[in-house]
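Both complexes below contain subunit A, partnered by subunit B and then by subunit C.
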Partner chain A sequence: MALWVDKYRPKYLVSEKNGIDYHLAQAQHLKFLASDCMPHLLFCGPSGAGKKTRIKCFLRELYGTGVDKTQLIMKPFTTPSNRKLEIQTVSSNYHVEMTPSDMGIYDRVVVQDIVKEMAQMSQIDSGSQKSFKVVVLCEADSLTRDAQHGLRRTMEKYANNCKMILCCESLSRIIEPLQSRCIVINVPAPTDDEVTKVLRNVIKKEEFALPDAVLQRIVEKAEGNLRRAILMAEAIRMENEAGVSSNAQIPVPEWETYLQETSRLILLKQSSDMLLKVRERLYEILSRCIPPAVIFKVISFQINH
Partner chain B sequence: MDDDYNVLSTGFTEDDDALQYPDDDGEPLAVVSHGDDENQRLGRVRSALEDEGCGARKRRLNDVEDVFDEHGRRSHPMDWHMRMETMGSEVAEKTRMNVAKRRALECLEKKINEVSAVESREEDVENDEFGREGETIYSLCEQEIQRRFRRKREIMRNPPSDGSPWIGLSDVINGQRFYIRTFRPENSSAPLIDDINRQATQSRVGYRAFQSICQEAERIERQREEARIRENEEQFTRMLETPSENADSFFEEPETSQRHQKSESSLWINKYEAKNFADLLSDNSVNRNILTWLKMWDECVFRRKVEDLMSSLGEKEREILQMDNGKIRRPHAKMLLISGPAGLGKSTLARIVARQAGYSTIDVNASDARTIGDLTKVLEGAVKTSRTLDADQRPACLILDEIDGTPIDTIRYLIKFLQGTGKKMVKRPIIGICNNLYTSSLRELRSVAWCVQLSATKQDVLAKRLEQICDAENLRCDLSTLRKLCELCANDMRNSINTLQWVAVAARKTDRAIGMSLIHEVIEKEKNGAASVFEHWSSILELSKHADSKGGIKSVRERVFAIEKISAEHGREERFVSGLHANYLVTLPIGIIRKASTWFLLYDDIQKIINTYQNWTVQKYAFSFFVSIHLNIATHSRVSIQYPQLDQNTFQKTKESEETLAAIQACGNAGRNAARKELVMDFLPFIVGIVQPPIKPMNESLYNQREIVTFNQTVAIMCDYGLTYTPTMIKDQVNWLFTPSIDILTMFPLEEPRRPYLANAARQMIAHKITLLRVRLTDEPTRSLVTTNTDKIKEIVELEKKKKKRLSSGALKRLQNGRLADVVFCHQDGDSGAVKKKITVHQLATIIFGGDA
Partner chain C sequence: MQNLWHPAIFCLSNGVANWKLNPDRIFTTGFIQQNGLQSLSFNPVADSFVKKALVRASGLLSRPLSDAKCNVIANEAQGDLRLAMNMLQMNAIGPNSDRNSGAKMVFAAKANREETFHMIGRILYAKRVNPNMPKTGRFAPRKRKSSLIPEPKERTALEHDPTDIIAMSSMSSDKLASFLFENEHVFCSDISKYRQVVENLSFCDMLTGDWHTKRALPEEYVAQIATRSVMWHNYKGSRPGTLYQVRRPVINDLNRDIEMTRNEVRKLPLIGSESFTYLNAPYQTKIEGLIDPRRVECFLSRSFLISWKSGRDQIEDQMEKSASLRKPRKIPKHVVEIIEIGDEEETWDIEDSSDDSFDDF
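Let's turn to the complex of A and B:
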């Protein structure tokens, strides 16, 4: 009993029952990489395309189900200015997952201290398991350049002990030397057909009826973000206890609606008063931790259409 | 009780009752009222004791009198915690009066007896009846006096609830209303009067004498009472209902102490600091809740029964403030965390409430080193030890001021310390004070402590306090000006009082009345040396600031120089620019605004270069930004300039949002796998909808199959993401809100929001279920734990031990002659795999020693 997104997340790279649903050729390729000596990997693709899912499946392929037993560990580190900070890591016996960019400008220290330290330690019991562990760095594209440069040497020197998996949305913000050290796995967003297929699967397993028209609209609204599509389906199911009618409204996250309203205001009138109002709204959105890049994207899209 | 049960030595420890109520024996100074019968009985007992010259009671009386020094302060080691410090002088006076009264009565009684004796001789009445009568008159006198003392007029905020008659009075100055209890209704004293009348027929003279003296005494008493009321009128206005049992013990006379300090301190902020509980300006209910929390420690600290404190609390507080069920009961939350903006009086509040509850305070603030070692010392010294050798022998209450700057290790240590049990448990209350509750280092502490968020001081209250100060300082200033002053200082108590003092100084020097212009002047000077930042802003945004002597505008060249100078002079550039940014959008055509905003972009670029590459050489171009802004958008009209608050607020809010996200990532099983961005953009907005399906708020067992599924799924999802509902008081109503507050994070002020909303009752049910589920999850931790190498080793060691144990679990003892028949088998307790089965001794031996035995 969990969110559908978590419940129906594929567990294996290639499998009849719980396997990955699309990009099957790529999955085969990943399986091949896992069986052989694993290189550093760089997953890149839009949000909701399934990067994390693939990384998880890949790790499971490498180490077995042990990677599911994760633990939250706060790792302390000291900045050059003697500030004591902590970074949150999720780790199992075999891998460590963290987001160094959470630490803002101190990500360089994280990379230089924590990642390096982890890379230096070799596995104790190398007979029964793989001889290396895996460090997963999420949101690698928001790492500062310094941090990325800090990664270069570590990746080379300790490659035997420790393999990196980087996860990012856009390759353009990863420096060339890092790209060349990794095998880039592109995870494009699923096509509408693929999203539809996955959704139908989920609906069938949950035994609830969703009219085709609604399904179609969900797929359209999701814009290739599978996570959002499944969440939308579940939200609509929970909202309409009795059953979903074909003209049911698709729930949209409020930040998106708010941004749409804002861009409507921008188009409505260009005056200093309106500017103040819009500014206030932008502050409001920023204070809810919506990334600025997303704000720009949505607003410019809305204004141009 | 064990030895480490911490009681202060009182000298009366061998007698528990005496410890609890030292003045419980019908002393007139006891405010607790007894039934008349009991008074009579006690009166008799006491008189008997007095007759015998037994020292016990007299010593007690002396003790009580000795408690007060010349200031009326209570200093006796035994009594200091029993009552508030505030009752002082009044009780002392009462006691003295009572003693005098009793002496007078004794004289009276003697006289009556004498007279009666003479009469009896003359009228030849039976002697034995007389003896009895004398006694009755004595007890009657006692009764009468007792009644008069006890039913003295009391002044209350609410009409008396016991049905006795009262008179209502309104305070003209503050508009408050008080109620004065009058004497007991006639019917209760009617039998007494009858009794007296009956007695009078037997002994007319005695009764008459008694009656006249009583009337006289009553008249004097009334006069004194009235004088006191008039005298204390000022006090009553600030009176509060103390939550202690001493309902009328707060008529305090702080004038002496205040007058004392007036000469000592010249800063008003110290001079007019709140001195007692009644002076506090923060919300009364909050103050009282905090006091209640401190009182809950009484059982642990003072070894005093904690009475039913809960009755005075609201439902929400009752939920939070609970006692744990240890051997020595302490409140559930071992620490109190007060948070609120600067200058609110948080530290004062903590100190005063702690003092009110009978503690001495130990302050640890950011000026002290706060490593783990330092904290250990303080904690050991203040909180753990049972006895303190302090001057006034009060137990200590630790106040950790400015706790948000403490290193995270120290906070962790503190949490561990708070959770200690047994010998290591915390025996004294700890209060933490911080500005921002959502500092990341306090995250874990928040879940352990009871968090109280103080809101800003109400403007009216603050202005009224300022007015009082003005009165005390002989300043003439009207309330509306003071209100404005409060507004300018953002209702910051410390700031406003400080400002008021400097305004007063300035007014005295320049011989001006206190008005808005003077206040503005002082604030500006205070904030920014010679000229204020407001001045600077307006000189950039307004042309009129650059007028020459003839009223014309200066030439561009001159203005550029002037602005260059300003840009070089002002401090805190960031704030200066954000002020410009907040105020430049005056009514101008959009084209000009666009131009101006490109200059802001330039400034942003310059800052970025400086901050990213530490390349300060570009700083010299920053002035061009100010000049261009001025040249582009300066107008002739007046610009109303506001202090930039928006970006500061946004910053604060962002921090809070980040904390919410971090909390979800920290406590949820599923949440930790998702990145922040994914959480805030995809997961949370939908989860808010998903976990609020239309659930009917009714008993779970009444749900049908489908509803149970929905309900359980909701609970499971919330548990996965570490969400729950907690009761929060909003406008006198308990609402069950999301914790962490994801709804605040995801819900925007939309024009026409379409939101699911779950009834409070349903939320409560879900929260309950979640708590149960979490308990169950923590009960079986083995499944979710990661097995590390050390764990494995431990497991193996454990297994080996078990094996050994199994071998030794049944010990076989042979008797000396070595016959197997005399085997004694000791079954070790705790081995539960036993099966009852008939076996021979031979078989038993094979089981234990293996097949070869």
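Let's turn to the complex of A and C:
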């Protein structure tokens, strides 16, 4: 059973059916870029704004449905200290997708060896299709500076054979020379109206009734994160199988409530004992792999409000 | 020294045990240069060589020690061959026959470890010289034990030099900083002072984590910042009346746990899903009604009543218990249940074949 976020993900940049729902002018531009000589691209925007969806639609526009036939391949590589590591890649005949920052400080080796190796290989039968292939690098803002510098040369040297698509949340963590080599596509978070529109479409397709008051609360809670909004709608559907009443509780992950309580404790008393208690609580949240940036954001928001 | 006819050879150890005769302490750089001293330093013996020597020596005994035990001794000896041999001897003799292969182990290297904790204590207590303290001498009048010695009203010099303490702790900078971070809150009751110490410790953390800085700075630099910051701010702190137990930093265990979970997440067919751990996994567990503790989604969204400190196995046990108490989810009306009729378990028998028919291909 696929999650609604995957089931109702748009498939085309511009289309009546299964097309992208918002930032339509930008989608038109991307379609134009796909038909023209494609440059390196840098997609940037907050989580749940639709960066990956746009990248997938863009690739489909470039190569057709062939990009959907993907396989998971583990690429082995050796670090300078002779350590053998593997990186997970998703690849089709036309593109390769990976997250080099998963390898920590060895991301430089991934960029210099694996990406370079892919870039060196030409596209098969380039006469009947695009002459280049695409390498999608996710979480580019988590790449170390060394890796980003390593990428510069590869991007320039093999630009005819291979185009890069970088995906990141924060542009400020991408070095200037890399930014200048790409066309930056900023994907802002959808507005509340846009999120409401998408949610209504999903609800309609799933044929269930969601009161307007609940829908409104979901949109407010999602804070422009469409993925979160759809996940919340699906969770509320599963928790209320008989039907959603207008005062139904919006399900939130437990770590959020735990962080709210932690923020309350911070404000309650500033002493060594409380400090220790808060530290223990933060360790508890970290052990669940909640990113520190998210923890900081939630706590600072809670403390200020 | 320069007028000596015969060459003089100093043979000194720079170990913690003989700190008073440490060459780093007694020979200054100026003295070495002035007298043209050449220093030859010997590294600790590699663990593999210690192990080799232990196995050889153990083989000569009437009842040799197990391989695992030799490994433990080699690790504990920390490159000191003499210490390794002493430990071998300690573990090979005695009335307990299970010493040769059993789990019990007699360690001779305990003193060094105690020394390390002693040094951390020195940093945290940050004792300062008290000029009011009576000098203990042959003719000094004896003071009654119960009488209180007045504390000095201004910040006096430290009793122990921070550089000496760092050297004697024989710890790496990041390890020392993490020990100080773990225990500082008890020794520094003033929250504003604690904030400054923690700020410095996070600066140290940044220095030790950054690849370029780590290589560019001397090894001791970060330890110096951490130690001096703690010793400066712990002045007139509310020191515990009795001796306080120094706790091991839990951050290393936590990092190991996080890394283990991350590796599991990386095995999933996910590319660049940054929100998986904090958004997808908790909602997916709710939507799909997952209760299997071995599923990483379930593990990530476990209840906060189950602490990470209990360890992976305990966590899974507790999750299983709480899952068994939970009612099974009803199948929603819109989901059509597919029941396979006559679905008997199929059994397969693999017969051994004498002729290898694959050879024909």
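The criterion applied here is as follows: the second predicted complex is superposed on the first by the 304 of 305 C-alpha atoms of A that agree within 3 Å, B and C clash if a C-alpha of one lies under 4 Å from a C-alpha of the other, contacts with A are read in each partner's own complex, and residues count from 1 in each chain.
Convention: contacts are C-beta pairs under 8 Å (C-beta built on N, C-alpha and C of every residue); 3 or more make two chains touch, one makes a residue touch a chain.
Just so it is clear, the model here is predicted, and its values are computed rather than measured.
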| item | value |
| --- | --- |
| Superposed partners subunit B and subunit C on subunit A - clash or fit | clash |
| Touching partner for A:Lys52 - first (subunit B), second (subunit C), both, neither | both |
| Touching partner for A:Gly243 - first (subunit B), second (subunit C), both, neither | neither |
| Touching partner for A:Asn93 - first (subunit B), second (subunit C), both, neither | first |
| Touched partner set for A:Pro39, first subunit B, second subunit C, both or neither | neither |
| Partner chain(s) touched by A:Asp6 [first = subunit B, second = subunit C, both, neither] | first |
| Touching partner for A:Pro292 - first (subunit B), second (subunit C), both, neither | neither |
| First (subunit B), second (subunit C), both or neither touched by A:Gly64 | neither |
| Partner chain in contact with A:Glu234 - subunit B first, subunit C second, else both or neither | both |
| Offending stretch of subunit B which, after superposing on A, collides with subunit C (from 477-485, 747-755 or 837-845) | 747-755 |
| Common interface positions of subunit A, toward subunit B and toward subunit C | 1, 3, 47-48, 52, 72, 88, 90, 99, 102, 138-139, 225, 227-228, 231-232, 234-235, 238-239, 241, 251, 253-255, 258, 270-272, 275-276, 283-284, 286-291, 294 |
| Subunit A contact footprint on subunit B (complex, rising order) | 407-409, 585-588, 590, 593, 646-647, 649-650, 653-654, 657-658, 661-662, 665-666, 670, 672-673, 675-678, 680-683, 685-687, 689-694, 706, 710, 712-714, 716-717, 720, 745-751, 753-754, 756, 784-789 |
| Residues on subunit A engaged by subunit B in the complex (per definition of touch) | 1-3, 5-6, 47-48, 52, 69-72, 76, 84, 86, 88, 90-93, 99, 102, 124-125, 138-139, 225, 227-228, 231-232, 234-235, 238-239, 241, 249, 251, 253-255, 257-258, 261, 270-273, 275-276, 279-280, 283-291, 294 |
| Subunit C - residues contacting subunit A, complex | 185-186, 188-189, 191, 194, 211, 250-251, 254, 257-258, 261-262, 265-267, 269, 271-272, 274-275, 277-280, 282-284, 286-289, 300-304, 307-308, 330, 332-335 |
| Interface residues, subunit A side, partner subunit C - complex | 1, 3, 47-48, 52, 72, 88-90, 97-99, 102, 105, 138-139, 144, 146, 167, 169, 207-208, 225, 227-228, 231-232, 234-235, 238-239, 241, 251, 253-255, 258, 270-272, 275-276, 283-284, 286-291, 294 |
